[in-house]
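Take a look at the structures listed below.
Heads up, the next two complexes both have chain A, just with different partners, chain B and then chain C.
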Partner chain A sequence: MPTDTKVDVKESDILAAGYQVSHSKSPVFYDKYERKDELQHQTHYCPGCGHGIAHKLIAEALGDLGLQDKTIFVSPVGCSVFAYYYFDVGNVQMAHGRAPAGATGIKRACPDKIVISYQGDGDLAAIGTAEIIHAANRGEKITVFFVNNAIYGMTGGQMAPTTLVGQKSTTSPFGRRSSNEGFPLHMAELISTLEAPVYVERVALSDNKNVMKARKAVRRALEIQRDGIGFSFVEILSPCPTIWAKDPIEARKWVAETMVPNFPLNVFKDKKHEPVENAVVPQRPVPEVLEIAARESTPIAELPKHVHHFKEFEIKIAGFGGQGVLLLGQLLTEMGMREGLEVSWLPSYGPEMRSGSAHCHVCLSKDRIGSPLISHPDVLVALNEVSLRKFASQVAPGGLVLYNRDRLPADFPLPQARIICLPASEIADKLGSTKAANIVMLGALLEETECLLAATAEGVLKTKIKRVAMMEVNRKALAAGREFIDNYVRVGAVSQPDGFAY
Partner chain B sequence: MRQLCKGNVAIVKGAILAGCRAYYGYPITPASEIAEAAALYLPQIGGTFLQAESEVAAINMVYGAAAAGARVMTASSGPGLSLMQEGLSYCAGSELPCVIVDINRGGPGLGNIAPEQSDYFALVKGGGHGCYRNLVLAPASVQEMADLTMLAFDLADKYRNPAIVMADGFIGQMMEPLELEYREPQIPERPWAVKGTAETRKNLINSIYLEPDALEAHIRKLEAKYIRASQIEPRHETFETDDAEVLLVGYGITSRVLRSAVEMARREGLKAGLFRPITLWPFPKQALADAAKKVQKILVVELSNGQMLEDVRLTVNGKVPVEFYGRTGGNVPSVEEVHSHVMQRVMALV
Partner chain C sequence: MAGPARGNILISTEECKGCGLCVESCPPECLELLPELNAYGVHPARYTGDGCTGCGICFYCCPEPGAITVYRLSPPFKPIVEGDSHAAAL
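For the complex of A and B:
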């Protein structure tokens, strides 16, 4: 009877029959890789790949040091993207090159845990160069294992930043040409030039002796993190037989004979623990920091009864940067708020540069404020000529312009608004500080329009100005502005030779 | 007690009250005060502030901190948000709750630092790769900068998804009264987080699903969240819409201008009303569709060349004519400007 000798054995049958791992495995590895879709008894790494050895060294070290429960393993993009298949620790997978940034966020959230950033050469030395350099430079207390196989493995053999000059890849088909692609990056050397890193070593998975050195380096790096000393970095030269088109033995030889001469093995840095002395930030309760707790101020109830004569009152303040334009606006806004009004303050803002001009919009209202942007202010405070020329025509009919000079420019066309010229800067100068010109203007504004109370102004100034001498100047400035208005002669809507226009 | 506060600073105050103790960011005008306030406040209350080397790094630090179970945030403006899109896609894919603030400035490219609302597409439609959504909130006042930031943290946790507070240069830079109350933050448990403990050892934060069916299942799971969110999270505000014949639609700073424009129109006897989306995603479709039923014309005003406009038109679906008025480059229309547009262009057709 003819028999079909071909037996169709499915892999699942073998697995169902039970697959025994014949060698011992670190308990930090999952026994069965259930996160894999199939072949859950073996890794996805190619035969002879360095990742298997690197993983084993890390898993054993974590087990021996008793760190399994404390560890958070950050896997990169690259062949080791699936490291979470294997490591029975907390796992976080990150975008290409960003593992050191992610590890930073994790470590800062869990400072007493062990955070490992495991990265390949494309990930760490190309797309993630900024992230690794800055994490190292900050001295993040993490451990970075940098697996350097001089090629992009997962994407199929493209050139890496560590590809050797002359080495062929699918994107350097004629061999890497330094004239075109530059030279291989030496990451261990680069990082060891930084101040913060504590431990930087390069090892090679080229032969058993060097694997034992790598084992030691991995442990040392993790111990440094365990002890909270600082940033540790181990570069691991690692074979990639598949992409290199070599068998595993040849690939290990290539590491030893070709990579190592280009990437010398060395302990580049192994610092002792040095306590750093930084400024200590005093700790305060949240409500105090956020100024939610009641601040020292005059309660509204204690203010003399002040009936605001307007529904809405809009003020525009303009001048050079440094004239206290924005501050004057803030003072008025704060005053309005203390008097129980709805208020808004909208500044012009720009890049910090020389001779810029500034302006701001202040709305005082009895109702909810719509647009904080003022088209036709009731009052314009023009602290310089540019502002006068630019904004005076915007003032609402019947509105007021306060101009910081004793007279208008000769050629200035008369606007619809009333203009009061008062040399606020000169007055402030005489009181001891030109800077108080804005407060002279405030005094005049309050006295002329009665939009808010002078007493409120004093109360607000007291909370803003801590120096007694400066407060005194400002108090005088406020009074001088009011006095100017009180003595001001109103002579009709014609520009007068003495400079006053009305 | 009311305190006078800058919009950008209010963001940080709200975040801290929501229990956020970690900020990773990179300076950019007009959002830098957010980083500066975080740098000032967080170290004093045992929190973390870190100035990252780039927005790319910042969002990935946020990813890491969120993976470890922290309430965490970052903030930037358009150019920085562009750099963060990769990280946002990863955060959504890995289902990490986090809050991102955008103080929209003028673009494209370096543009300028004045206010725009031109990041709508990038944030609301999801500027990163893949099938995901951001929850997007649009504050229109300093108070809302704090309130909606607090809400953003809660929504981010509720949906395990990035939540974005989208404001503009004006709302960020302006000062208004802010009223805050201190309460112990209520932070939900995050049993999925990777915290370096025995209990969380089996946890995995991940966005890679190699098998098409597995990835599709994951995308469906995300989609189910987005459907749930679009049913219960839309928020909006209306003003004078009961008898409105013309409906003005705008968000953020624009809604403030429109509110004044409605008042101005009403003073002249024109029945105008305002519809203001508070959530840009999920977009308040139902409420807008309802409001649209009663009006003869809709005018969308944006600081862009018409981005939210598309959502309004999709919602209204041709039933009411939808006009558009947009300013760009950092120009914010005045109340009079909008008003004259309403009178001349819109009402001429009613």
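For the complex of A and C:
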């Protein structure tokens, strides 16, 4: 037995004897960890835990490569959730499994930073499978360290996707059966099959030699990110003495003897740097994208000035999908915008593109709009009977209903609003396209309420409709709608609540 | 062996959790666990005082960031390849 006096050896004695420090705590670690009062000099990991070794290897590499000041470390959920207590770098802690997604955002926002995602197997291979696969597949220029101990550690030893066949856990007490729980996921192999990842390696903290290999792999992965080459992934097989119910030395042996044969150590991918294609998205000015360049030749100033006789004008348009319900709403909002109004458009439709019921709310206002939802519209454009029956009672007293038929249904109760019946679909048919019924309605709406200018409508239609023939139909439809209100209505086609013609 | 050992080790008794991985991994087998308990009730590791080569294996196998400090007789030699392995690979 050595004498106790040697416990009291001081660093100054060693240095005085002609020694120099060759390995010591990395400056990438905090001096003191801001955790529980009495334990600020120790990590929270169990004795013999692989996380501590992985942390040390990463910290040393960051220090040696001079990356400490530009590193952002993304902690996972799991035992290593507290990594931010230890690494003196930028730290973010992500929701369970989402570290690669968070790292993606950080790296894209700060492309000159070194972004590290550090995850366990329950985090990366179970709840976060989608995140890691897609981050890898996109070739995000981040580094992922995947600590695989074949079990859920922090939550108490449940079976993980990486649990070995036959391995007992609290949720597989008779051992994992491949017939029931499947086979362990081999993440490094899985990721190496993808096109984008640059570097994929699996290492093990199983013995001295493999720890040193892991050290090299950690460096290589960080160098790849430093050089901006691409996605790097290092899977680290790591002991969990507590959950495996082994002492730290047995646990290390278990990694070597049981895990490594199941998870072979290898460099699965190490692509040479290939020049990346230009990632800059071509920028086009907004008018060009919206194809409203034509508008510049006829600026708003040249349009006749229109006085809006309302503070807020609310329109509800309803029909079945395919009648141009939503398009009519969009046209109105764009017209409103061009006339300098505040506008909103709130669509509501089912999953069907055609034949389902659809409606939209349009609000035109001189002030800012509080809510795009309209409870009592000033105008209801009902393109079919179902819509009329459903929404007519909502129209504000004294409001207007434009109904797409020549007469009201016989049993329809007279509502509190004026109703104008115009057979827009028939009119559009005669003009050559049933699809233009919504534009006939638009013409009638503009002529009747004078909420917006017909000239603006033509300007907007010009930017929306590419085919000359179709544009002609729409121009006629707009005119026909206006004409209907101007002439035909007077003859007595309007039903009034009081039974008299308008 | 003539003269002092090439390496030396200092282990923080309070930071050590007594897992014994350094004792297991030390190639010249010059580390041991103390029979005494430290303040947290574990047997901390310690250098026997003889035979350290300064290889640093115990440092990398120890899970605590600052528990082990390894020293070498100056001028230090480095059996482990340091520096830029990526650049070397290219």
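Just so it is clear, the second predicted complex is superposed on the first by the 253 of 502 C-alpha atoms of A that agree within 3 Å, B and C clash if a C-alpha of one lies under 4 Å from a C-alpha of the other, contacts with A are read in each partner's own complex, and residues count from 1 in each chain.
Criterion: a residue touches a chain if its C-beta (ideal position, glycine included) is under 8 Å from a C-beta of that chain, and two chains touch if they have at least 3 such contacts.
In this text the structure is predicted, and so the values were computed from the model without any measurement.
In the superposition on chain A, A:Asp411 makes contact with neither chain B nor chain C.
With both structures placed on the common chain, the touch criterion links A:Gln42 to chain C but leaves chain B unconnected. Once chain A of one complex is fitted onto chain A of the other, the partner contacts of A:Ile249 are limited to chain C, with no touch recorded for chain B. Once the two complexes are overlaid on the shared chain, A:Lys216 sits against chain C while remaining clear of chain B. With both complexes placed on chain A, chain A has more residues touched by B than by the other of chain B and chain C.
In the superposition on chain A, contact of A:Gly50 is made with chain C only, not with chain B. After overlaying the two complexes on the shared chain, residue contacts for A:Met337 are found with chain B alone; chain C is out of touch. In the superposed model, A:Glu34 lies in contact with neither chain B nor chain C.
Across the two superposed structures, the residue set of chain A contacted by chain B and also by chain C is empty. Contact residues of chain C toward chain A in the complex are 4, 7-8, 10, 12-15, 17-21, 24-25, 27, 32, 34-36, 42, 46-49, 54, 56-57, 59-66, 68-76, 78, 80, 82-87, 89. Here chain B touches chain A in the complex through residues 1-4, 13, 16-17, 22, 24, 29-30, 41, 43-46, 48, 50, 52-54, 56-58, 60-70, 72, 86-87, 90, 94, 113, 169-170, 173-177, 180-182, 194-198, 200-208, 210-211, 214, 253, 256-261, 263, 332, 334-336, going by the rule given at the top. Looking at the complex, you find that chain A touches chain B at residues 35, 37, 68-72, 74, 81-82, 84, 88-95, 98, 101-110, 112-115, 130-131, 133-134, 138, 281-287, 289-292, 294-295, 330, 333-334, 337, 342-347, 349-351, 368-373, 375.
The touching residues of chain A, counted against chain C in their complex, run 1-2, 4, 6-7, 9, 11, 14-15, 17-26, 29, 41-43, 45-53, 55-57, 59, 64-65, 86, 207-208, 211-212, 215-216, 219-220, 223-224, 227, 241, 247-249, 252.
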